[in-house]
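First chain A sits with chain B, and in the next complex the same chain sits with chain C.
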Partner chain A sequence: MATQARFGFEQVRRVPLVLFVLLYTLVTGGPFLWVAAMSLRTTAEIFKAPYGLPAPAHWEKFVDAWTKSNYGTYFWNSTFVVVIAVALVTVIGAMAAHCLARYNFRGGRLVHFLILSGLVLPPQLLILALFQILLDINLYNTLTGLVLVYVATHIAMTVYILEGFFAQIPQDLFDAARMDGYSDFEIFWRVTMPIGAPAVFTAVTLNFIILWNEFLFAVVLLTDDEKRTLPLGIMHFTGSHQLDVGMAATGLMIAILPIIVIYAFFSETMIKGMTAGAVR
Partner chain B sequence: MAPPEIDARRAGLGILVVFLAPALLVYAGFTIYPVLRTFYNAFHAIKPQGVVEFVGLSNFTALLLTDSIFWKAVANTAIFTIVATIVDVVGGLLLALCLFARAPLAPLLRVVWFTPVLMSYVVVGIIWVWFYDYDWGLANAVLHWLGLGAYEQSWLGHPSTALWSVLVAHEWKWLGFNMIVFLAALHALPAEVLGAAELDNCGWFAKLVYIIAPMLRTTIVNLLVLSFIGKMMVFDLIWVMTGGGPLWSTETVSTYVYKRAFEWNTFDLGYPSAIAVLWFIIILIFIAIMTRLLRQRDRLEF
Partner chain C sequence: MAVITVDKLCKRYTGGAAPAVSDVSFTVADREFMVLLGPSGCGKSTVLRMIAGLEPITSGTVSIDGRIMNQVPAKLRDIAMVFQSYALYPHMTVYENLALPGACTLRRESWDSRSS
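Moving on, here comes the complex of A and B:
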């Protein structure tokens, strides 16, 4: 930090800088505080004074949203889909990345190209055909079908992140493990995975956030209210109760809070995960 | 050098299959096959009850020659993509420079400014729909408070302001992402060069334009391409905030694909598939052009 003083940005006038920084912080954080306040107020209170404080705080709105407005179902659906999809894509993505980074074999470059070309495929190119395919195999409107689609569409990014890291693990370690009599699978599980843990963690974070927020695949592939994930549930609730802003805000908070809480503890990991594709 | 019988870079076919098959099977079934099927669909009329009829290029000719809504969607997507990409890169760089210039609490602000990036478009969209609400939204309230009541309006309800209003919400979500990437790149710059510029009495603006921007070229190109790809496919935020309306003023290519497939009574998946295929090819062409044009010919060494 000491060297930074010499970078010479001191010529920038401090007062405008501080004012701008304050303003931008307000613009970024303000909406969250506003929703947080509204989530504890009734709709009548909100319409009377949209920017008032939550006094008294209606904590029972969270219970209502969770049980009566179905947000509990949406939350568990999201959790189920995201946890299983992230676990699956991490394991099979890591196996593929390990194989591509570690072994020389005929067709390796083709497999590599095929998987990584998934990075540039727009979801719109897949979604209509996925709708047909899931109908054909009776997985349309099922969480299982959504999990399969999530795994398939996130293999490319997972392999991309992991392969680069795995390839940098020194070959000597693998030769030594082989000498010690490790099988190929043990080498993957007991050498690559522990050493590659930081990259695995990055991939898990990225996939978790993207899938927790995913909307397009879910909206096309699910129809039952009982199967909706959180983004669909919130969208549905806000659409069908346009005037019940108070309850909608409580629903938004149920989606926002878990992310904010995790972010408070693991901010650096999450920043690193989200920007993994862009920072080299 | 390890003797050949323990060469750890070789593996039998069985091992390769065990490692690659799960990923390849899922990927082939739910990514490669759907892409091929979409290309197939684009040349057919796909009606309910499995009626498939070969129509040759007629989906594409109808799209290009007679579909005025498609062209409106293309125009909107183009405006959105160009403006949002520029704002992303310029705004992200300026925010990063604020923190790099040692604004107070910079390490904390870096984390706070990134928060919107983690939110889903549904959350962001609904917050901003409320922000723009005619009766109790903050946008009109602020104008009223500033004595600019004449400018109060239904931001998302009017064709001339809707696209720009969505764009502002989009940038609110994404600026933090670009800021983080630029900040990482700025911290990787060599201190000597910046120090030398200072000795030469170089002003901060000149330093930004002549020294920092050229040295960040790789980062800028990466972010331009990344941002461009994202914006060309924009769907979620538009869908949540305006659904493409009013009067097609926020219709993008992606929302139009969705509408033609699932909302219109045309009951044909072939036509929207043709739109998706055409748009994918256009995106690929632009990526190729951008990387070729922007790629650095003589690499800066530092």
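Moving on, here comes the complex of A and C:
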């Protein structure tokens, strides 16, 4: 009898939690489902009934978006910029994090401080200077220039994530590696990187998601339609001279899908990487 | 096996007030089993780390078989060491863990023979 009563109490206690989770799911998932529905409807249909269901579903809109509306170009531009930027920022950031976590060298604290100070700078502050610098070195309005900007602006966070994790790897492992005959670079590549893999995955996933959605630097530093990344391409359809909500929604879905795929694959390792510090 | 001679070994960390190890001298004979005993923080590990080549020596010498090792990097001293936390590479198999020092030595020797 007593256990039954407690069981009942437990159930009641969980009601607010379940309610909260339901509400949260509604708030985050609702807009997403709405966009998904809109991506299959024409703009005329959307204006007639904004919250209507996609019936009939216009799957051909995705083909249209990819071919006629240039989303194909935007998609590959985004892929090019983000993949290269993430690869560079991960390798460079991991090397920096490894050195800062493992070696005591003159000025190490200063370097550490300077890199991490990049975390507190609002990106808007950098825009003017970046614009001028990229003009001077002939990289304004190029994807290469955007890659460099992305790497520079995201090094700080990458180093911050990786250093915290790398510093927790026991020093004995590195001493053992030195005695076994690994060179300094091999210690980084064959000890720090494999052991720090969860943190590296976290950094890769976070950087990928953030850069994939990056808008501010792209809108200022790119002007040609041919060079636009996905966020700019989507904005193009809700600009001042046209309002093609349906096409913008289709573009959003195209932009969102890779993120969902990446998150589905890496969310577990990512969460492991983020919580590993507390567990150890 | 070999003879290890430690002579007037000193270690002072930068910024440290007192020396971590001062004036330690002893000889470990071939096939001798030697134990260093002392309270924690008295410098046992520091001495071992200096013999292994993991810690730079402030003054004094470490010699193995009569050869002064102060400037020889750890990997060339042909020393084995068991660390407090085992220091096994978690991402490698048992075989790889055991084979690693040998593999590094083999690679170094093949490099040396190629370059000479």
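The rule we apply is simple: the second predicted complex is superposed on the first by the 230 of 280 C-alpha atoms of A that agree within 3 Å, B and C clash if a C-alpha of one lies under 4 Å from a C-alpha of the other, contacts with A are read in each partner's own complex, and residues count from 1 in each chain.
Methods note: a residue touches a chain if its C-beta (ideal position, glycine included) is under 8 Å from a C-beta of that chain, and two chains touch if they have at least 3 such contacts.
What you see is a predicted model; the values in this text were computed from it and never measured.
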**Request:** May I ask you to decide whether A:Ala36 touches chain B, chain C, both, or neither, giving the answer as first, second, both or neither?
**Result:** neither
**Prompt:** So, A:Ile84: does it touch chain B (first), chain C (second), both, or neither?
**Reply:** neither
**Request:** For A:Arg178, select first, second, both or neither according to whether it touches chain B, chain C, the two together, or no partner.
**Result:** both
**Request:** Pick one for A:Pro194: touches chain B only (first), chain C only (second), both, or neither.
**Result:** second
**Request:** May I ask you to decide whether A:Phe20 touches chain B, chain C, both, or neither, giving the answer as first, second, both or neither?
**Result:** first
**Request:** Decide which partner touches more residues of chain A, taking chain B and chain C as the two options.
**Result:** B
**Message:** Quick check on the superposed pair: does A:Pro170 touch chain B, chain C, both, or neither? Answer first, second, both or neither.
**Reply:** second
**Message:** By the touch definition above, which chain A residues appear in both interfaces, chain B in one complex and chain C in the other?
**Reply:** 175, 177-179
**Request:** Show which residues of chain A lie in contact with chain C when the two form their complex.
**Result:** 170, 172-173, 175-182, 191, 194-195, 197
**Request:** Spell out the residues on chain A that touch chain B in their complex, using ranges where they run on.
**Result:** 3-12, 17-18, 20-21, 24-25, 27-29, 31-32, 34-35, 46-47, 50-51, 91-93, 95-96, 98-99, 102-105, 111, 114-115, 118, 120-133, 148-149, 151-153, 155-156, 159, 171, 174-175, 177-179, 184-185, 187-188, 209, 212-216, 219-220, 230-232, 234-235, 238, 245, 248, 252, 255-256, 259-260, 263, 267, 270-271, 274-275, 277-280
**Contacting residues of chain C [partner chain A, same complex]** = 49, 52-54, 73-75, 77, 79-81, 83-87, 89-91, 100-101, 104-105, 107-108
**Fill in**
Note: in the complex, chain B contacts chain A through residues 2, 6, 8-11, 15-16, 18-20, 22-24, 26-27, 29-35, 37-38, 41, 46, 95, 97-104, 109, 111-123, 126-128, 130-131, 136-138, 141, 172, 176-177, 180-181, 184-185, 191, 194-195, 197-198, 203-204, 207, 218, 222-223, 226, 229, 232-233, 235-236, 239-240, 253-254, 257-258, 261-262, 269, 272-273, 276-277, 279-280, 283-284, 287
